[in-house]
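Everything on this sheet refers to the single structure shown next.
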């Protein structure tokens, strides 16, 4: 990494601040670019504009009080953030999660992944200049949010996955509604396929942009769809199975090229795969408790646990330390996928033209709440 | 009477014509902003403006009133003179080509015998206010936007002109009216399909609309050359842009769709104007539809399409036309 | 690649958008039309003063400390089954304030209330012009809920 | 927001408790046993659980993934390991001295631990710890290496030569925890502004509460 202000600017070069307020940074991320005309020579991401000190807040909240705050990490995939935190507490307290709760969790997590990837498709289109896709993506996402809202009571921030299970049981009529929605959605996705894969401009904009090799990606700490787009079939749902993912039959979508188009393809593939997973989970949804018996005031025994999940954007892990005495976590560290993926961004984006940097940035699909915490 | 003087008469006629023309164009532009929003909204499965007036038809007026009432911000480090003159220049330059556009037989402010040449000449002036705005704002985004405009106009001016040569050769005249009259029975789109394709693409690029809206690409350059403009100045840039669109579509209709002609039917003047404007709106609808569909291309792709594809095609078109005419 | 090859002939993008022109708009005309709100929606709090026992659990549970209770004790005489009259201390809620400017509608206060004196309504329109008016006391918390209930009672009549 | 209490409390409490926590507690259960008879330890745990389970829900007997590399790592890092234990039967934790971190990291990379998942700094009463969570894609195992460093002069070697991903993790740890990574190419604040004073995740960092 280079600090751009330390590099002398050449006669034809200038420093361009892309952000913190910019249409294509999806929040408040600032990219300092050293440009020569349209060509971007160096990139330095400057972050922290949305830093809320969530890790420090955790030390001053009880275990349950902190749960709603985890929603605020990756705020477009909040369900995925609840999961590692709940898992960490369960690991520490050795709580057995009821079977039904695990199934509900998987259904919710995959619906969330669906919603998150749809948002990616939407914003990706918008960043390339096709605003219509933004509306289409949001339209489909809305239907999934309806389902999530029906279950959890929130459209964006759910606080639904609780230590020991889930907060409420599935409401009446959810299974039918979910099945109906999942049956209808692929029809809309056909439109996406038509739209994107017959669109010469779209394909030309994405092919060969931000090419990354698998070894580099692993060394740079990249996870999630970006890693899988490089041809490395690494998915924590398969590699380090949690919840009931090891009982479900699903594919890990990979692509060889490692460019932005491959990233898009992987996410499109995962959209279909998530539908498949939800359908499987709905089929074998058992009866039973939705939440294990958990004391009202959580006080885990002393110990440390590092719980990892595959969030829509990559590996989301929580390192939780308990001192066994207080009701608050002693230390909580969040390993957020967007943070690590953004840290690698300059390595595969430098040297390209400005328009491709924007497309590339859209392709890594970061959420600033997740980066800055 | 003072009007007996032919010079004064011409002057009065000219002024009246210009006033009518400007108000007509402005009305069209206002309607066009509404129309574009509505069509884009339908493509995006939304309602579009529907609050001000019936179907939201008064929305353009509300927008104009809002823009007029807005604070006029001039950045501290901006080049004040250039910054202020840019929108006015844009507006003026955009109106110039409309003088030579015939809306029906006789409905033309000035029937120049080199009409098409005049239009090409003044429409390439449109680059200048954009660069003025881009430079004068003293902002890196606007500068990049201005620079992109130069690249774009250099790349597309040439195929734009070359594709017209075929039409001019067929019509045997540079006068707009005569070009239209030459298409009484057959439109040039059927005789010049290649020329039409090149002209259409170059025309979209010249009006800098998606997929060629590089000077103001919002996801890269925030708003391109008019990033720093607000209030009335911004409105003037916006107006100029829509006037470009009206002019471009009028040009396309004149050159390739027979102007006010419907083959084998002779129309009265009013009907001619209606037909002409109807055709213009069809063209503009297609342009809006393209805007609602396609993503933006990059500057590298833009220039390479211009130089490597469109110019050879336009030259080929001239060659084919020449061969056919000499046969 | 899988998806790219799944269809041999793709509809061109221009036709995809053309197709959508004839579809019904999916957006909602907000003040007139509203989305259906599910029961579990976490909106404005409802406070049932009669059920409240002033245990302060909600205040403790709140992660953002946006609930404030003011409590006073008073004595009442109760008759024991034996007929004796006994004095008993009771707590009473004088003030119950929720600062909505700080509330994040997580619902932990409702979860922690042992008597069900707190609930959450589907009310979501409470924007205001200044921060002070976002402090909701008993009267405002209850009135909204009561209005809702009245509405419900009125509904079945016609 | 925090009241004034927690500011004082952690100073005392962690001083005693967390010290014991990783060392004493885990020593009780996992560490001692694996050291003496590492084979038996997992068996015991399995015995405990199925006693209740098969009666009600026999379906639930999913195979618990057990750590296979724990012994390997202990073998490879014999002289470096200060302490080690295993959590939930699949997560090995090892404690090493701060100055050994570069060597340990190199050994682990040689054992195909190729993904540095995260670095988390932890402050205890008398010392600081840098926990490195390292995952192996081929072995599918995660090992947590805790490097102990002194609190007065928290310094540790940077791992950027080995994993490029360590760059931002180390900057973040420096920013929030105040641990200095020697050899890091560009150790600046990352989340907080450059003129920020103090390191907020330290236990003595004071939080203030805004009134209503």
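We call the chains A, B, C and D, going by the order they appear; numbering starts again at 1 in every chain.
What we mean here is this: contacts are C-beta pairs under 8 Å (C-beta built on N, C-alpha and C of every residue); 3 or more make two chains touch, one makes a residue touch a chain.
Quantities reported herein were computed from a predicted structural model and do not represent experimental measurements.
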item	value
Chain whose Cα centroid lies at the greatest distance from that of chain C	B
B-C compared against A-B, more contacting pairs	A-B
Length of the line joining the C-alpha centres of chain B and chain C, rounded to whole Å	54
Distance from chain B to chain A - Cα centre to Cα centre, in angstrom	44
Centroid spacing, where centroids are CA-atom means, of chain A and chain C in whole angstrom	29
Centre-of-Cα separation between chain D and chain B, whole angstrom	65
Per-residue overlap in chain C, given as positions that touch at least 2 other chains	13, 16-17, 20, 26
Multi-chain contact sites of chain D, meaning residues that touch two or more partners	1
Multi-partner residues of chain A (at least 2 other chains)	132, 136, 139, 199, 202
List of chain B residues in touch with chain A within their complex	40, 43-46, 140-141, 144, 147-148, 210-211, 213, 217-220, 222, 292-301
Footprint of chain A on chain C - complex, ascending	1-4, 6-7, 10-13, 15-17, 19-20, 26, 38-42, 61-63, 104-108, 112, 120
Chain A - residues contacting chain B, complex	14, 16-17, 22-24, 37-38, 125-132, 134-136, 139, 199, 201-202, 204-205, 353-356, 358
Residues on chain D engaged by chain A in the complex (per definition of touch)	1-2, 6, 9-10, 13-14, 17-18, 20-22, 25-26, 57, 59-60, 62, 65, 87-88, 91, 93, 114-118, 120, 122-123, 131, 133, 135, 137, 140, 142, 144, 163-169, 172, 176, 185-186, 188-193, 200-201, 205, 207
Residues of chain C defined as touching chain B within the complex	13-14, 16-18, 20-21, 23-27, 29
